[in-house]
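After this come two complexes, each holding subunit A, first together with subunit B and then together with subunit C.
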Partner chain A sequence: MKMLAKGRILVVGGGIAGLTAAERLARAGAGVVLVEKSPYLGGRVARLHRYYPRMCPPRCGLEVLINNIRGFPHVETHLLTEVIDVKKASSGIHTVTLLKKPRRVMDTCTACGLCETACPAEKKTSFCSQAIKAIRGPGDWAHPATFWVDEGMCRGRDCSLCVQACPEQAVDLSQQPEETDLDVQGIIIATGTELYDASLIKEYGYGRLPGVITAMELESFFRPDGPAGGLPVHPATGEPLRRVAFIQCAGSRNANHLPYCSGYCCTVTLKQVEYLHQSLKDVQTWIFYQDIRTPGNREEYYRHVREEYRPVFIRGLPSSIKYRPETGELTVKCVDTLSRKEVRGRFDLVVLATGMAPPALPEFYGIERDGSGFFSGHIPCEPTELRRPGIWAAGSVQSPMDAEESVKSALAAVAQCLVKLRQQPAAFPALDQRKCDRCGRCVKECPYGACIPGSDGYPAADPGDCRGCGICQGGCPLLCINLPGYGSKKIEEVVDKVLTRGGPEMAILLFLCGNDAYPAWNSLIKQQKGKGLEGIMPMVVPCIGAVNAAWVSEALIGGLDGVMLAGCRPDQCHHAAGTSLAATRLDNLKETLTRMRLEPERVSLTQVTIDDSLKLFKEIQNFKSSLEKLGPNPFK
Partner chain B sequence: MPPKVDPHKCDGCKGEKEAICMAICPGDLMYLNEDTLKAYCRSPRDCWDCMSCVKACPQGAIETRLPYQLGYYPAKLIPLMGSKRVSWTCIGQDDKVERFSYKNRND
Partner chain C sequence: MNHAADITDPKELRVLDPATIDTASLCEQCGRCGSACPALIRQPNPTSLIRLIQLGLVTEALHSPLIWSCIGCEQCNAACPRKLDVAGAVRRLRRLSAREKDVCFPRIMLDFLTG
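Moving on to the complex of A and B:
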């Protein structure tokens, strides 16, 4: 098959986001290595009964993806495998180390289940789930249909009852973990995140009170592998459910738990109310909520559920849940904030609609997190890409997401990934090897990790990783890195021009960051028509971090009266480190100037946003008047 | 007299193997403190005051103390490198400041 996109991509996580990403990349012709930590593909979506908005069973969408993935020869799938290390091998290539844990059941398994019957190691994980065995199958639906041995529960080779029971001799308890190294061009992280641990909300008594469950557990009630084989009955009594309460924002929008709204839990509850009413005639449902948040077309679904099934909505979150062992009932106490009256209700089952907790991610990805602890890309320009190029995120590792949003974000990550694989060489820094002494400063300062020493020790930027900010050029002590169109030559020309012109007029060199300061400057000259801007020589740079301290020195030695740098605010710098690096360089220079008895006010760094043209004008005027007070540059 | 390193400005050149002052010193006197990663002169008596390290330091972190034969404190000699010009600021012990600048590169 002709490969349309060169290279190989590692997709970490086999949930809906990871599967979507892997399948689309494979269809575009890229080599894919799909790695999943658990023994089965499908992730959390595979454990759902239905997913909204179309209320289709998840197997429908997942099966298409998995079948396509199986059909491509250039997709490798590794289950029970974790990424334990990621290193940048050379420019554009990551070396990843995979740890494959033993499945201990070979592909010849026919999923007959005789081993599971024979297995003596049994455990019950929660009151509403069936007991599990150490060797077990995929449950209702999952891919692949092969059993696996849970290392934590297995009694080891002394027991070996499963080995004897297997008619296909597919169980091999001697398998050991394996480590492999792999070179990939890119990594898509679709590891998702865990749901918030409901037992941390003490007042709801999850894990302590029988009958308090999470929404994810209620989902399993409707599945053939659920506690009652798909019947919505009370797991303890076996009676059909009569009164069910849903508590929204369980651990969400609460400073003691998760401060944010996960966004999907309200729709999940509405969906589950619909399941309950469809399968049970006499069921009553109550929803305790703060606000029902169903943005976009989900509002219509909210209206549908509200009018069709008439659940009782109580605006307020319960303060306590009490359990009566004699009747097995749960009493929920709550203040209705609309009527300001206390409401009590008795229920068979209380369902906590928990949100998504921030993901636990290993250090080696170098992921930056937002205020809530989720992956943060450069929003809105590069929302899926890490600052380390070649690593993208998809799915709920980015923010709490439902299946639909996860698929969308996976498609966005794939699009970015394909751009990188088919990248055309763009303008990026040129290195003069005759001058370079391989000091490595550019390697350290590059905010994208795009600059990597080659086998000869000289730094080389990868065209796919480099974003042309020029921070390497700004930091180079030997001035041997030049961005096309921005190098030292241009500064020297300006200085020479001022020197040949001579005269007492004030001359100021103004460096403008191309992202924000330059557009602000442009609107400024239109507004001012050149008035008040005499003597200013503007010079555009891709990022203010691309200004080398030697250029500023050059201008001062050459007799210019002042040098001003206009960059973005540090938190808005498009290249993350540019403004702060420029500030450090200028501080160092100012200290030297002070020792030289040259006024440090002759250099200045100002921070502007794109619409700050007036601020820029004021800063320029202030700078000019302070220079007038200082008098001409003594080097003039 | 020894070159004096400003520990706040010196960043150990962030480099892998050798800081720039280490590479340029003709007497092999500049070293990095392995714990703090700041440069220091390992044998001040052997320094010839060539000032190569002062000019080469990308952070401007090194200062030369003049020998007493040339000028007592507060006399100073401070170079500043541009991209193709160099400047010298001489501050005499009588606080008189003189400045020179010239082109030292033609490419």
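Moving on to the complex of A and C:
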């Protein structure tokens, strides 16, 4: 089955970021396909008790989003569905393969719960959660209010007790998974990420010691579907909590676990301290921390919690937790680095403030991860774009985020997405089809995957996908791609000018990358007032990767004494591969030059950053003196 | 100490033991080594010993009983989130203390060992 969707956007993930993106796109009139892996919309936010700093229940915001989405006929929602493949079908269109797993309960379900009572397959996932059944419904809050069958636990059609129990005949255990292909104009990846697995922090004994829980589990204590039906009592003993410890940076900022700071855990702990003190009169709270990180307006919240509830802050992280079975108490020992004293405390409950692990997203279609393993995009210029035009990231798949930041990043992705849908024609490389032999080098080298072979085999790019770097022009062996304003014609003009001028003085052609090298050159002219820069002919290109090796050899054959290329540092290259591609091309060119009896030293590549004007000057002087040693170009 | 100690650059240590200076300058004082240390006499605890080096109070560090009570179990290294060699620093300080004129095996350790 193939559905053609023009102007349709795929939103992957039905959490707060995905729902925000889908709702805003739908309001802007775009067709939206919303895909969610789990049986319910809402994601992790739906499992929270309160948001900070306003302490409102997350249901409120989610409810508004979902109701709006349901009101739009041009939004399709697929639950229990995953994206298993993404291909670029033609310019500007992606073909996505979706795998829809069976829900095994039909929409006629009234969520009466008789099937769940009848189901014999039961499992308890952790000591502080209620047992779950193979067929189960939404928890405290969820959309849709329809049950589903957990494939991993269900005993199959031989059991069928749920089928018999259902008064609406809504259970169908024979449903099978199905694959669908879908054409979309853009994809917003809002798949989020998982919290770091606390059981990997062996020294804190999560999963082994009763009473050691994660912040997310503490959140469920306050919810009606929590272990004690919303009462903040100890899950094992049923006693009200009296002494609770929070351990910050649990598995974060640690070379053995997550090397980075997730940024939200400190505020989450403060929020949970507030819950505890609000619902229990006699509770005492301790926070073991290394640094409390509450930037911006969260500092206000930190002050509020600190002054209102007076938790004890201990600057020092414990290295282990000990459990006494006789008393059921947990002993936490640590060094208070402020007083240099060793301190020890006994607690009913220890809460680990875990961070977010990098997203476990399959590698597809060459989208870039950053050093921490997140899909952060090109920071800061294109923060939601994954160097694949038409694919954007939103929410915690980008970096660890709280709900507020997720919504912001979703709105940013929507803005980028609407720009693409309403793209106006811009400077765009033109292809001369008479010359092109369809070698495919431009397709291979395009750093954005924008240039792809069309149905006739000739390369084509969607104007909305092209970022105008000109790397295709630089790589084309037949010089048949021309970026307006930067093409081969212009270079011919420059060479002609030198030829007509003649004269014995030195002439150097200097290609400057428009992002960094050109501004550096500009300040250099101001500083030097032209001194020491005689005979240099600067020429701006959008990226140093846009310089074709043929231009360089043409300029040298035309009688110029030398050609110099100034690009960005490879790690700063705006178009990722520009400088490294230029280096490879010049290396290859050197062989050709030697065959033409031209010294390869007449060509030079330098890397400059925007404030490197002095370095650029030195490099130019060095290049000039080496050219003087070589003497004038023999073709002059 | 009753009076304020001068914060200085541990010049001599920079020459004699650059690895310890390195360890100290990378330490973020999270406190995990201090709570992991099983040595019986922790005066000061490993975290605070490293802090003394950071502050340049090398003499105080060389006089601390901890460098003698360290049993070399390297629990501190295992607890360190930056993978620093705390135990190595303690070991090297013990060796260096031989250069100090007035440093001798601390009384408190002697009492402990001889009962």
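Just so we're on the same page, the second predicted complex is superposed on the first by the 625 of 636 C-alpha atoms of A that agree within 3 Å, B and C clash if a C-alpha of one lies under 4 Å from a C-alpha of the other, contacts with A are read in each partner's own complex, and residues count from 1 in each chain.
Heads up, the rule we're going with is that contacts are C-beta pairs under 8 Å (C-beta built on N, C-alpha and C of every residue); 3 or more make two chains touch, one makes a residue touch a chain.
Everything numeric in this text was worked out from a predicted model, so none of it was measured.
Visitor: Using the superposition on chain A described above, determine whether A:Ala549 touches subunit B (first), subunit C (second), both, or neither.
Guide: Once the two structures are laid over each other on A, A:Ala549 reaches subunit B alone.
Visitor: Examine A:Asp561 and indicate which partner it touches, taking first as subunit B and second as subunit C; both and neither are also allowed.
Guide: So A:Asp561 meets neither subunit B nor subunit C here.
Visitor: Per the overlay, which chain contacts more subunit A residues, subunit B or subunit C?
Guide: Touched residues of subunit A are more numerous for B.
Visitor: Look at A:Lys333 in the shared chain and tell me whether it touches subunit B only, subunit C only, both, or neither; answer first, second, both or neither.
Guide: A:Lys333: touches subunit C, not subunit B.
Visitor: Of the partners subunit B and subunit C, which touch A:Glu36 in the superposed model: first, second, both, neither?
Guide: So A:Glu36 meets neither subunit B nor subunit C here.
Visitor: Taking the superposition as given, does A:Glu342 touch the first partner, subunit B, the second, subunit C, both, or neither?
Guide: A:Glu342 sits against subunit C, while subunit B stays out of touch.
Visitor: Touching A:Leu479 in the superposition: subunit B (first), subunit C (second), both, neither?
Guide: Only subunit B is touched by A:Leu479; subunit C is not.
Visitor: Please work out whether A:Asn588 is in contact with subunit B alone, subunit C alone, both, or neither, and reply first, second, both or neither.
Guide: Touch partner of A:Asn588: subunit B, not subunit C.
Visitor: Inside the complex, what are the residues of subunit C that reach subunit A?
Guide: It is residues 28-36, 42, 44-45, 47-48, 51, 75, 79, 81-83 of subunit C that touch subunit A.
Visitor: Residues of subunit A touching subunit C in their complex?
Guide: Residues 203, 249, 253-257, 290, 315-320, 333-337, 340, 342.
Visitor: For the complex, give me every residue of subunit B touching subunit A.
Guide: Going by the criterion above, the answer is residues 6, 9, 13-20, 23, 56, 58-61, 63, 76, 78, 80-87, 89, 91, 97, 99, 101.
Visitor: State the interface residues of subunit A toward subunit B in the complex, per the touch definition above.
Guide: Interface residues on subunit A, with respect to subunit B: 437, 439-441, 443-445, 453, 475, 477, 479, 488, 491-492, 495, 548-551, 553-558, 588-589, 591-592, 595-598, 634-635.
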